[in-house]
């Protein structure tokens, strides 16, 4: 490993390296802990939580597209209380930052969850206002600035100082509007992008492959959209950014960081390769070393626009 | 070739087969006519025209992304008059439908171009309100329902009965809003999707690969987004749809048709394979034959949502 | 421990145009990690496919220099097509062992019920189970009843009944009718292990339930991670919860499954 | 006529770690379609890359059973890396002939100026041009001056001057200084053909202009279609218009090019 300082700061929290795993793709860490030590990760965004347990959507919940996948999991999760009782202690064993990801049906639900999670002790709360796979809440909050701001305020009010990161939807005309609204409402960081709504049809059965008809697109296919949106948001808002969407190698992560991200999350790439976050971290370090940087954080915002 | 009727109707115009080439990827047909007889095509959407000649944007104008490309051509074109004088007669030699594609800086410009083109005799006019690569006009019209409607009305008023097809942007929160506005304003058909805004950064030079910094994403990567949007629009508006975005084989085209498209356009796939439109056509015919259809038009809207 | 490793193909036979028999060197996955029949491997099928493909293990055995796993698969789409074009000596990127396999800790008399490409996951049980057993094997047509597969059951089971949907071999009809007949004639069966298409599993589960014989079914669902992290392979249970085929399965107790979902 | 065809690799030599010499069977592309040095082929580099890669033709010749085209390329990224892993007997999906090549209809005395990987497109001109000619070849360092390339010029040109950026071979410095010296000493040159990186072309064009010698330059730009349809490979001209490298070029008259753009 080249001699580059890998640690980065995100909303005041120091990550040992800039590579986090994306919410919903890593469960609560148990499964991938059978492959490697989770302390190798910069942080873990846990599977999205709701106030009450949810079964999620009917299967099939996944479809493959060119260099992408569609998912319609629909926030299957055991509820915030079960997370705190059963999963958080497990995650706490590792020397990595734990980021809880929450979705609510009302702004109040977000508040209640923040209250519980901050009391239980998580390092950060990622407020998901962009899940395309559930009807209530979710996407609606992420596409309207005033609602996004309302949710953010409520979350901040109940987070008792735990940093609040708002997860933004790419399914909008102008993502900077939402970013500015969320910033104005007091968010500590922004994470983007969540999945882009898409559809695949089985031409033989004439049925959508997903039982929910549509789902969220992620994976390499969306990387250029993620880079563009991170770049736009980093110019419009002063908040630190957790960039994600299609990262599967160091170069992808470097693109997001140069565009303005302080750290990156790896999601879909895990399915092809459980070790992807470590490969991304090493690739990023190699790029920083090749550029003669002493710290990988020096990549952040380094793009020189024409 | 299996015995399937390939002809389809789009806004009252009969195409010999449902495969059209996408605007901006086929020039004015001269180049690909060196590979095959253009009469094999269902139709040709010509390179986007403006009232006055344009040089387009500085190069590099193209970047590669996972299963996609970004372009920032920026409507380089000789202007509508030169098209009518020099290119249209060439295109008219072939037994295929000629669809002119236009972009304006003001609604009036769209009107003037429609007047000229309808007088000159084209089979259809595709009104581009979604070019992400030019500052004036373009994208702004495609993201605001009232502006989209205004442009559509102006175009219709001056098209003298030539069908007007409005080309929609995917860079919107709710594409059905725009579709409904455009339908209300009298459009005869809709075409979608134009490109999705994206960015790629060269991590070594720290420069965006495109001189314009961002560009429009097309190619297989966007197919699931195109299928979803065609499906949404086909439910929201009663207009016929020319579906496009990532089509490179018969199955892709069948997905778009099942989702609601009457015909499809092939763009980026041409760059890998000049014969792609013919391959798509044959693949579509084979799928229709396998499903026992007598006409490929029977695919349109055939998806059975769950 | 689960591992991701490069596995060399040491045998590759074509059973018919679309069916392949492949043997992989899997390191010490059998000896150390307990890989066995009925579990599955999650296989990367070329750079063009983002998702791995789950393929069941038909046989798993200790061996030198590496343990061996036998997979039998049918070409369905691009992933399995890619897999079918591999040659002896090629390496595959494999994650395993995944899933649970059948529970055979109960002594008794077993009835193994397999349909089509659902038969391979039962092969090791047909051959090595320490309890007496009968096999009911269903095929679409005679051509699909490859002797290299059926003979393994015929050589090691008390009885092997073959059914074909079109009557070209053995009994004409679906396996559930055969299962019903067997259970009607003989009340000595204590366990049913079933693998095959979902409608078949549902029918077999119904018959098993009628006769009060515990039944385990191996289910399929589209997968992402294959390890239990992404939650896409959900299958609903009668008690209103959901379980995940890759981690909690692929084998479930039939009476726990919500067959109406 | 342009064609898309499968071209078999009949020769594949590695010149150094990143430089390859490849000979392709190109059907009757030379005899029928007039393929020649300085034009380019647009090559599909694997399924993972959506866009083809343009590679110049160093030599094109009639042959049996098929005409042959020689390409010399450097590994820069994923596409050329894929290309470098091809073997004799493999087939490439190629579109050609594309682009114009140099105009050599004017009698006179030619000066060929090449830099690095811009030298191969000049090789056929160095060897077969019917007019007397001098070559100026610039390399980064001695190791890059492959004798298999330089000797072709040395064997057929009146004079061949080699320059290296680091002075390890021939003259120390860039080619434009050498070109200036040659033109200062000898006013007999009537044409300059140049190919190489854009800064080199700009410098050479400047010198040519000073001495009033007509100069043709072969330009590079990122490409999509390669045939003139997509308009991405635009290069601005002094008169305010834009031209397209794939169709109007890659060779342009230096004085028409807008060097300040």
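When the chains are written out, they are named A, B, C and D in that same order, and each has its own residue count from 1.
Operating definition for what follows: a residue touches a chain if its C-beta (ideal position, glycine included) is under 8 Å from a C-beta of that chain, and two chains touch if they have at least 3 such contacts.
Source: prediction; values computed, not measured.
Visitor: Quick check on the contact graph: shortest path length from chain A to chain B, in steps?
Guide: Minimum number of steps from chain A to chain B: 1.
Visitor: Nearest whole angstrom, what separates the Cα centre of chain B from the Cα centre of chain C?
Guide: Centre separation, chain B to chain C: 47 Å.
Visitor: For chain C and chain D, let me know how many angstrom lie between their CA-based centres, rounded off.
Guide: 58
Visitor: Measuring from the mean C-alpha position of chain A to the mean C-alpha position of chain C, what distance in angstrom results?
Guide: Each chain reduced to its C-alpha mean, chain A and chain C end up 36 Å apart.
Visitor: Give the residues of chain A touching no fewer than two other chains, as numbers and ranges.
Guide: Residues 63, 67-68, 219-220 of chain A each touch two or more of the other chains.
Visitor: If I count partner chains per residue in chain C, which residues reach a count of at least 2?
Guide: In chain C, no residue touches two or more other chains.
Visitor: So how do the chains connect up here, line, ring, star, complete, or something else (other)?
Guide: Its topology is that of a ring.
Visitor: Using the contact rule from the top, write out all pairs of chains that touch.
Guide: A-B, A-C, B-D, C-D
Visitor: In their shared complex, at which residues does chain D touch chain C?
Guide: Interface residues on the chain D side: 47-48.
Visitor: List the residues on chain B that touch chain A in their complex, please.
Guide: Per the stated touch rule, the residues are 63, 65-68, 70, 143, 171-174, 196-201, 203-204, 206-208, 211-214, 217, 219-225, 227-228, 231, 246, 251, 254-255, 258-259, 287, 290-291, 302-306.
Visitor: Taking the touch rule as given, give the residues of chain B at its contact with chain D in the complex, in rising order.
Guide: 24-27, 30-32, 34-35, 47, 55-56, 58-64, 67-69, 71, 73, 76, 209, 219-220, 268, 270-275
Visitor: What does chain C use to touch chain A in their complex?
Guide: Against chain A, chain C makes touches at 1-4, 44, 49-52, 95, 221-236, 240-242, 247, 261.
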